[in-house]
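See the structures that follow.
You will see chain A twice below: alongside chain B first, and alongside chain C after that.
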Partner chain A sequence: MAATVARATGGRAPHDGPPAGPAAGAARRPGRVRRVGLPYLLLLPALLLELLVHLVPMVIGTVMSFKELTQFFIRDWGAAPWSGLDNYTVAVDFDGPVGADLLHSFLITVAFTVLSVGLCWALGTAAAICMQDTFRGRGLLRALFLVPYALPVYAAVITWVFMFQHDNGLVNHVLHDQLGLTDKPSFWLIGDNAFVALLTVSVWKGWPFAFLIVMAGLQNIPRELYEAAALDGAGVWQQIRRITLPSLRPVNQVLVLVLFLWTFNDFNTPYVLFGKSAPASADLISVHIYQESFATWNFGRGSAMSVLLLLFLLVVTGVHLAVTSRGRRVRTRA
Partner chain B sequence: MPSPRSPMAAPRSFQWTRRVFLTLLTAFVLLPVYVMVSSSLKPLADVTSGFHWLPSGLTLRPYIDIWSTVPLARYFVNSLVVAGAATVCSVVIAVFAAYAVSRYDFRGKRVFTVTVLSTQMFPGILFLLPLFLLYVNIGNTTGIALFGSRGGLILTYLTFSLPFSIWMLIGYFDSVPRDLDEAALVDGCGPLRALFRVVVPAAVPGIVAVAVYAFMTAWGEVLFASVMTNDTTRTLAVGLQGYSTLNDVYWNQIMAASLVVSVPVVAGFLLLQRYLVAGLTAGAVK
Partner chain C sequence: MRSIRAAAAGAVTLSLALAASACGGGSATGGGSDDSPKTLTYWASNQGASVEADKKVLKPELEKFEKETGIEVKLEVVPWSDLLNRILTAATSRQGPDVLNIGNTWSASLQATGALLPWDTKTFDEIGGKDRFVDAALASTGKQGEDPAAVPLYSMAYALYYNKQMFADAGIAKPPATWDELVAAGRKLAQDGKGALGAEGSNLSENVHHAYVFARQHGVDFFTDDGRPDFTDGHAVAAVKQYVDLMAKDKVIAPGNAEYAQNQSVSDFAKGRNAMLLWQSAAANLTSQGMDPGAYGIAPVPVQSGAPGPGTQVNSLVTGINIAVFKNTDNLSGAKKFVKFMTGAEEQKILNKAYSSIPPVEAAQSDPAFATPDNKVLKETLARSAVAVPQVPAESQFETAIGTAVKELFADAAAGRPVTTQSVRAALEKAQTQMPAA
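Moving on, here comes the complex of A and B:
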């Protein structure tokens, strides 16, 4: 890595500028003065776009959640009447039908996310560790493992939809026709099995990212640690437990958080897998809110649910960061 | 070449566990790929009558039919334009931003990085509705058509990859020695020239990695594409659903189309994955 960087720049940099002469010393001072505004200028495009696409809509979304924004006010949403906390009270009234559905969807999403992130992390870490040593075909295997991550979501998920078909899918063919594990062909995309189907697809699609990150993290573990451990007589399993896994902790903390946020917010997978209305067992929160907003055109209520979702994610992220940074402080002190 | 782990040979138990685990994992990963490829070469009767591991006869017919069943070529061009433009813009903007954060001390630096990163956390659904209204209203008041146009989609997608790109490039630029661009500055280069002549060439793997990520993000997005496009600007993400809403589900054509739309990204990704791992090692994972 360092070698490529050196090769890319070495020898080129000194020749590029104009020949150093009396101008060189003088150029430095005006440069300094200009620098004060320059960083802001460089940041401006990124900042403006983030404002336009993320931050302003988020503020608008929060405002919308306090309005009675139904289909009558789409053209001129400013004219929608204020409704105070009504949208929120409906959303969190878990005895009412809307609130009960939202709570159910939330719990399903939590269960799904925990399982999916756990499995993705475990598979990715195990595969990365297995491929730490060089062996024949390692490069090819690594490329193959990254294919699910590289495939466009809709192409990959639609293939799974085909595999989960009741009459002509591979899954029923193998489980029922060939292995005889089920009495009759199962339905995978409706009913309770849908949760399993969703989890399978999500793990298949998500684990290569964990693999990629852990693989990158492994390259930063100094080899001397392993050599010293081997001299002390530690076997492979012990090396994994005592060196590899602890060294990966900082990487894992970020990885798990990112996986959690992506999985919890995932819309693409369930949307392509089930279409507009997901079965109750796999009713993830993103699709639920989408459905709630666009089926009823009640954007105010949809926004209130989105705000609640964001608050939940903020709390989880905050707690995660607090716990991990405290852990880091304790470890460095010890 | 010495192996990264212990100089001792791994014990039998580890070798066997590894072999079994990697074999099972490979099967899990490749199963859908096999289904996609084999089904795309089957006649329609073969995919509707039940699943068969081996096709009864091979045909390239699905690859011809996919272009006429739905206007796939138009969707393809739309996706290419949208993802390509979003990638170029996103990379250029991320390079500027990352350079500022990596090389300058200024007030609000921390606020900027935290804000940008935290947008990754927002559920897409939260700003889909307001963005939808915002684009419609901008169109009504200024006449700039963002809703339903490719421009609106490009604008939206480039911000999706921006936070991760900036974050990764900050790490990457930090690993490029400061002496290099300081030397260029002393030689009389302006800061922008120093960036493009010295820092950018040294960070090519990181920039390639970021570009791959940005392209994949835009190429695969479904939620915004399904709301913010119309018949003429529809992208592949939505267009591919056209094969299954008809009375007959042409599974062989769906698989052929899926393969065709996957080839550009998967090929590009596999060619450039070396850079992605290198970029992640230097940038994101430190």
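Moving on, here comes the complex of A and C:
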């Protein structure tokens, strides 16, 4: 690679004229190499970093998933015996305890992701549309709405832990002591309510991002469209339905995909809220896999589960891109 | 053109640097050496009120060691929440400290990874011999029949701490000696609207420690003789149920305790919100929370009936800290010198006093500081009625599995759901499926 680089960068000026015999061809080649090679060369650091940070660990993780990598081999994991597809078989045997737990965790994660992404999107879009027109204090409100997104995750979630505490938490103080909505103080960090607690924190943390992106998307909708629609007698709802939402479609497609991937993979929120063993009602798959690896010291099985998760997310992303790009093509042709 | 060339040259340089750094970075992959005899890295567990407090205790001792041997010790105090993961990562990458503290219950699990230096007779002789240490502490250093994976450093035991004033107010003359007496006392205390017994329902280690002692009192220990997990035995189920029933049925543990995992129960006790606490060597912790040592009494943890002793009369784990040498150390002889220094009689007195633990070294135990009423109870418990956790490779996984099962049962109890023999058995059955196949 270094030799090619030296040739490519040390060549002569580009030669754009038609070939005029062998001598001219020889003169043209370094120019083409340079033109074609330069983008790749400039991408090289990013590519190497990508290899180092993402791809190599992913390959190693995949290799690990075919090994019986338990505590007896972690010091020299090259010596761990190959286990073929055993780790995968155990993980997808939904009649067995390990597979059943994984399936349960997967379903919880799907439900959590759908609700969280849906609420984040709805809240973000509603807020962005409400703030489309200028009014006094808009800048301040915008800044205020973005605060949860700007806060460090750990600090913010730890604050939520305090608020959700049974005995001294703010949530119970308001819901039970002040509003009297519950018979007795509820538990939010253990038991079935943990799902609600997790969803609350996730939406609180995630919706400002949707707000930000939709707000940016709204800047691109020409004002004339609204004016024309108003002249034609369209009300606010019709304007939102017929102009705003269709114009936001390309933004929403990316936004929903990104929110989905972030939420589905979220590790920090459940880990900081619940610690190493999340309650069954909020057993998100990222923490489940962590638990499977670090609490049982069975890194082979944990890796197999990670590979399955990766495949699932690849399929979802692939389908999403295929569907949305087909939609784009159809619209372009129309 | 020049700027493109500069950018290209920069890209190549950066790429080469990345490639070089990806290839480098590894060292010390053998079985220990003396390549850097002048320094040691030491991971200490967090024994005192905070990481900073521990540094204050340890720094002067490490300076003393440096003066004696010329070896500089780089100290890192690792919080409990990170320690096991850090050790696992160190074992996997072979990039770890030279010397480290481990929770003594992890000894057999970490021994199985092969990451720690085995202490055979010859190695023990280099630090003054095995017989310097008390037997109870040595029992928790690794699998029986194999060379220990670590050396005892601090010993601790559970005791019942009780608030003298609250007991007097409720008309309770003496601390409960059996669980029935504890429940009766708890009900009396609860009548006044006061908290009776504190617990850490979401702390997996505390849960498993109590569940294990209850199991031993019921005559089982969660494992078969050949080391396979056996969580669903009727006695094991009854033992776990008895512990969770303290909240579910007897109502002597307040439901809020089900979500405690950050030593809130210690703080509750120190602030007079609970009258009783089952805790290991709590004196230093209580003092740091502002509780006057005269305000509480200390008694042995209750048993089913009779007095504490061996067999089903046990009432505590042998808890504590062991000190281990990482097999990949590049200062093997320095590491052994350091272990010898830390387990020397003088250092043992200083350190165990600071952490309100009991020295596992016999020569240090005679110090008057360890003859206080607090320490007398702990010393007697360690000598007579404390038991080591099973020394099996899957011990660490056992702690997590049972600890989680008990946490979920406490969550049920707190939410007012019934805790029955069936539900306890189901929780333990699930825990057993999480254990590695033996």
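Rule of thumb we're sticking to: the second predicted complex is superposed on the first by the 297 of 334 C-alpha atoms of A that agree within 3 Å, B and C clash if a C-alpha of one lies under 4 Å from a C-alpha of the other, contacts with A are read in each partner's own complex, and residues count from 1 in each chain.
The working rule: a contact is a pair of C-beta atoms (placed from the backbone, for glycine too) under 8 Å apart; a residue touches a chain by one contact, two chains touch by 3 or more.
All values derive from a computational prediction rather than experimental measurement.
In the superposed model, A:Asp95 makes contact with neither chain B nor chain C.
Applying the stated contact rule after C-alpha superposition, one finds that A:Leu52 touches each of chain B and chain C.
Partner contacting the larger number of chain A residues, of chain B and chain C: B. Contacts of A:Ala295 after superposition on the shared chain: chain C is touched, whereas chain B is not.
Of the two partner chains, chain C is the only one touched by A:Pro279; chain B is not. Residue contacts after overlaying the shared chain place A:Leu261 against chain B, while chain C stays out of touching range. In the superposition on chain A, A:Glu224 makes contact with neither chain B nor chain C. By the touch criterion defined above, A:Leu42 lies against chain B and chain C together after alignment on the C-alpha atoms of chain A. Within the superposed three-chain model, A:Met163 lies in touch with chain B and out of touch with chain C [touch as defined at top].
Judged by the touch definition given at the top, the superposed model places A:Phe145 against chain B, while chain C stays out of reach. The contact surfaces that chain B and chain C form on chain A in the two complexes overlap at residues 5, 8-9, 13, 38, 42, 45, 49, 52, 74-75, 77, 165, 167, 294. Interface residues of chain A facing chain B in the complex, by the touch rule stated above, are 1, 4-5, 8-9, 12-14, 16-18, 20, 23-24, 27-28, 31, 34-35, 38-40, 42-43, 45-47, 49-50, 52-58, 60-61, 64, 74-75, 77, 123, 126-127, 130-134, 141-156, 158-160, 162-163, 165, 167-170, 172-173, 204, 212-213, 215-220, 223, 226-227, 229-230, 234-237, 239, 251, 254, 258, 261, 264-265, 267-268, 271-272, 285-286, 289-290, 293-294, 299, 302-303, 306-307, 309-310, 313-314, 317. Those residues of chain C lying in contact with chain A across their complex are 1, 4-5, 7-9, 11-12, 14-16, 18-19, 22, 85, 88, 91-92, 94, 109, 112-115, 201-202, 204, 255-256, 258-259, 261, 393, 396-397, 400-401, 403-404, 407-408, 410-412, 414-415, 430, 433-436.
Looking at the complex, you find that chain A touches chain C at residues 2, 5, 8-9, 13, 38, 41-42, 44-45, 48-49, 52, 70-72, 74-77, 97-98, 165-167, 187, 189-192, 275-277, 279-280, 291, 294-298. Contact residues on chain B toward chain A in their complex (touch as defined above): 1-8, 10-11, 13-14, 18, 21-22, 25-26, 28-33, 35-36, 39, 47-51, 93-94, 96-97, 99-101, 104, 106, 109, 112, 115-116, 119-131, 133-134, 136-137, 140, 155-156, 158-159, 162-163, 166, 175-176, 180, 183-191, 193, 197-198, 201-205, 216, 219-223, 226-227, 236-237, 240-241, 244, 251, 254-255, 258-259, 261-262, 265-266, 269-270, 273, 276-278, 280-282, 284-286.
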